[in-house]
Amino acid sequence: MSNDAPLTEVPAHLRTAVDTAKQKVADLHAELPRWELVVWTAGNVSERVRNDQGEDLLVIKPSGVSYDDITAEAMVVCDLDGNLVEGDRSPSSDTAAHAYVYAHMPEVGGVVHTHSTYATAWAARGEEIPCVLTMMADEFGGPIPVGPFAIIGDDSIGRGIVETLRGSRSKAVLMKNHGPFTIGGDAKGAVKAAVLCEEVARAVHVSRQLGEPLPIEQQHVDSLYERYQNVYGQR
Amino acid sequence: MSNDAPLTEVPAHLRTAVDTAKQKVADLHAELPRWELVVWTAGNVSERVRNDQGEDLLVIKPSGVSYDDITAEAMVVCDLDGNLVEGDRSPSSDTAAHAYVYAHMPEVGGVVHTHSTYATAWAARGEEIPCVLTMMADEFGGPIPVGPFAIIGDDSIGRGIVETLRGSRSKAVLMKNHGPFTIGGDAKGAVKAAVLCEEVARAVHVSRQLGEPLPIEQQHVDSLYERYQNVYGQR
Amino acid sequence: MSNDAPLTEVPAHLRTAVDTAKQKVADLHAELPRWELVVWTAGNVSERVRNDQGEDLLVIKPSGVSYDDITAEAMVVCDLDGNLVEGDRSPSSDTAAHAYVYAHMPEVGGVVHTHSTYATAWAARGEEIPCVLTMMADEFGGPIPVGPFAIIGDDSIGRGIVETLRGSRSKAVLMKNHGPFTIGGDAKGAVKAAVLCEEVARAVHVSRQLGEPLPIEQQHVDSLYERYQNVYGQR
Amino acid sequence: MSNDAPLTEVPAHLRTAVDTAKQKVADLHAELPRWELVVWTAGNVSERVRNDQGEDLLVIKPSGVSYDDITAEAMVVCDLDGNLVEGDRSPSSDTAAHAYVYAHMPEVGGVVHTHSTYATAWAARGEEIPCVLTMMADEFGGPIPVGPFAIIGDDSIGRGIVETLRGSRSKAVLMKNHGPFTIGGDAKGAVKAAVLCEEVARAVHVSRQLGEPLPIEQQHVDSLYERYQNVYGQR
């Protein structure tokens, strides 16, 4: 990713930005059990720390840590090759996937991974979620696509995410037999996408159990997406 | 809706009524996550403030605000054309639909909108919920009907709600591909209808997964509805 | 039920027993939302107060009261004809059914009614829950039976419960199109039966969604029931 | 199991180890309702206390005790024949099964039993859970197998668990018509397996409701299992 030697500490000019990100990322982890997206220690949230004097960093949860033990101080900092830059504990075993996304999608500022039940159920069948809800058109602008089966431990999960989401409106991808990854402009946006991904996965699943949901015409999907991305919320 | 110039502030004689409604509406929003009817910032509750010296007002949640940040002070006030009369933030993007209902159904004092999972699943199929539970006969007096597909941003959602519920016993309508809207004599009544709408949507869904629920004879539906509307609760 | 004039107050010799029952019944109501058996104000728990100098009484929740507002003081006392003996509020609209059970099943000391989702789903199909789980054999000694469709407002619900449960091992009955009623030696036992009724209704439903659960041989059902009723728990 | 007379008290050299285990086992019981694996008093966690001067002991929950009343002091101590060694209350009625596992699988340090809904639903059909999720490959190394139907009260549950899990990668067994038992290196590991067993039981169930999940190739199952057992978490 870089020809320079890996960083061995957080550069002084990023201290405040890193500490702010650690607090945000720690707080946002609480949203995962709150919305029942994870069990035990599964799932992770990361945020990019932009560095205009060099390579960006990312802040992420350590591996295998209980949701009760998550504090800002416990969060770890890595470079975009996934090397540990700061922290007492090993980074999440999904760090390589997060890092790959940041390295290859410059507009992404936050990444979330869960095994939320309904999204994972679609992923296990390798089936995209059709866009049959206005909430889906609003947030995802169309179907939620499926990414390839990929084994943890090399670049293949990160590559699968990037190849699926690049050029897509969707902020979520269902990695085959695995579970959803979501992206956002920041960590909060990626958490929101994870929450809504599971909600639409569940509602469309339930709807299809008793028949076929009605499709939404493409022109309506487009206008819902356009409005929601540009008008919704406080400016 | 009115030939007068829009109000630019809450009239003095409505101050107390507006402040009371703000507190009620803020408190009632807590019922939506409590009964698992909403995720993230989705969903909204409003209440009408009657004005015997002019046009009525409505109190509603601002757009895109977290359920953790809802206070009486954060609530906004609009007229029945959906114009902001008081508040620091943009009103909910569903305000036009709420306002249309108040303007065209004078007996309605509260409106609630959610994307609750099971009700939304019926809405995605465009299928009414058949009246096969005594709880449904009690509260809704028959099936819960489906309203048209309507795009946000003009009167079409409001019109769809009014055309479906006017002359119906049902306090709930399933807007196609979208989700439920409920009405009540006040905001609390509309929240109750939203809670019961999701519960019957879920129970009838589950029942139909393994066979066909037994119909309830119309005369029994009628007598259950009559009793519940007139006898139940404290007088 | 009795030729005497109805009681107009709690007899002095029952004061302590009634107050104890009020506290127990109030506390046990908290178990209903805790185990997700009820929404809004639905559901009720009652307990018999035995009176060796006359007719028994029952303690029950008032009608249409929020689970947040339940206190021992708010509970009401009725005789076994369902007449109010003590309390500021109307008794639950299900009081006549509870009273009928106490009047006709002397061994019953507690009654619970809910609209818990999965039990109600079986009730809507009018289908008994087959005994395919050891937990069901333990607690219910066989299938959970269905009671008749009955309209609220006269004896018909109470009669339906008694006719179904008298002579049955089951502590639960699924009233058709309505929901479960459960009985116990005291109110706590009836609440436990309500919790387990919903759990087995859910687990057997889920099991049957993907095939046919294996039956348990009658001799094993018998021996599980025998052991659980006589050995389980602390003596 | 042993030719010596049964222990009548905790040997002095095990006092600290037993007290530590009591605290751990009491705390871990809170994870069962937290992850919605149990209702009412069902379910139990135990941990082995190793004794290099004689037979091992186990610490377990008393029978029929509410999850609100679980404290370290309330836990009971038994030998590996299931005899009570210390405690004021009867041990869990599943103690014989736990004891049999410890006596016959020396590597096991913790055992958990629940009736969690989805795992129990698979158990009621007597059907193993196929390995179609990476999370399953990680934790269980393949399908979750079914154990025989066994009646409580003798060795048959314990034997069924041991015969099914000995030589298997799986830390969970679905006892037919009954529910899951899980094992671990300590009680926490067995609780983790119980949480993940229910999660994969649910996600695979949901996935199969709308089609057939994609299999994971055996070589990928093997490499996921290998990595997770050896690399995941903090060392």
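Letters A, B, C and D mark the chains as written, and numbering starts fresh at 1 in each.
Operating definition for what follows: a residue touches a chain if its C-beta (ideal position, glycine included) is under 8 Å from a C-beta of that chain, and two chains touch if they have at least 3 such contacts.
Composition by chain, UniProt nomenclature: A, B, C, D = L-ribulose-5-phosphate 4-epimerase.
What you are looking at is a predicted structure, and each value in this text was computed from that prediction instead of being measured.
> State the chain with the largest centre-to-centre distance from subunit A, centres being mean CA positions.
C
> What's the call on subunit C versus subunit D, same or different interface residues, using the half cut on shared numbers?
Here the answer is different, because the shared fraction of interface numbers falls below one half.
> What is the distance in Å between the mean C-alpha positions of subunit A and subunit C?
Centre separation, subunit A to subunit C: 47 Å.
> Give, as an integer number of Å, the spacing between the C-alpha centres of subunit C and subunit B.
Chain centres of subunit B and subunit C, defined by C-alpha means, are spaced 33 Å apart.
> For subunit D, what residues touch not just one other chain but two or more?
209, in rising order.
> Line, ring, star, complete or other: which one describes how these chains touch?
ring
> State which pairs of chains touch, listing all of them.
Touching chain pairs, listed by label, are A-B, A-D, B-C, C-D.
> Contact residues on subunit C for subunit B in the complex?
Per the stated touch rule, the residues are 39-42, 62-65, 89-90, 93, 115, 117-118, 120-122, 124-127, 149, 151-153, 176-179, 205, 208-209.
> Of all residues in subunit A, which touch subunit B in the complex?
35, 132-135, 192, 195-196, 199, 202-204, 206-207, 209-214, 216, 220, 223-224, 227, 231-235
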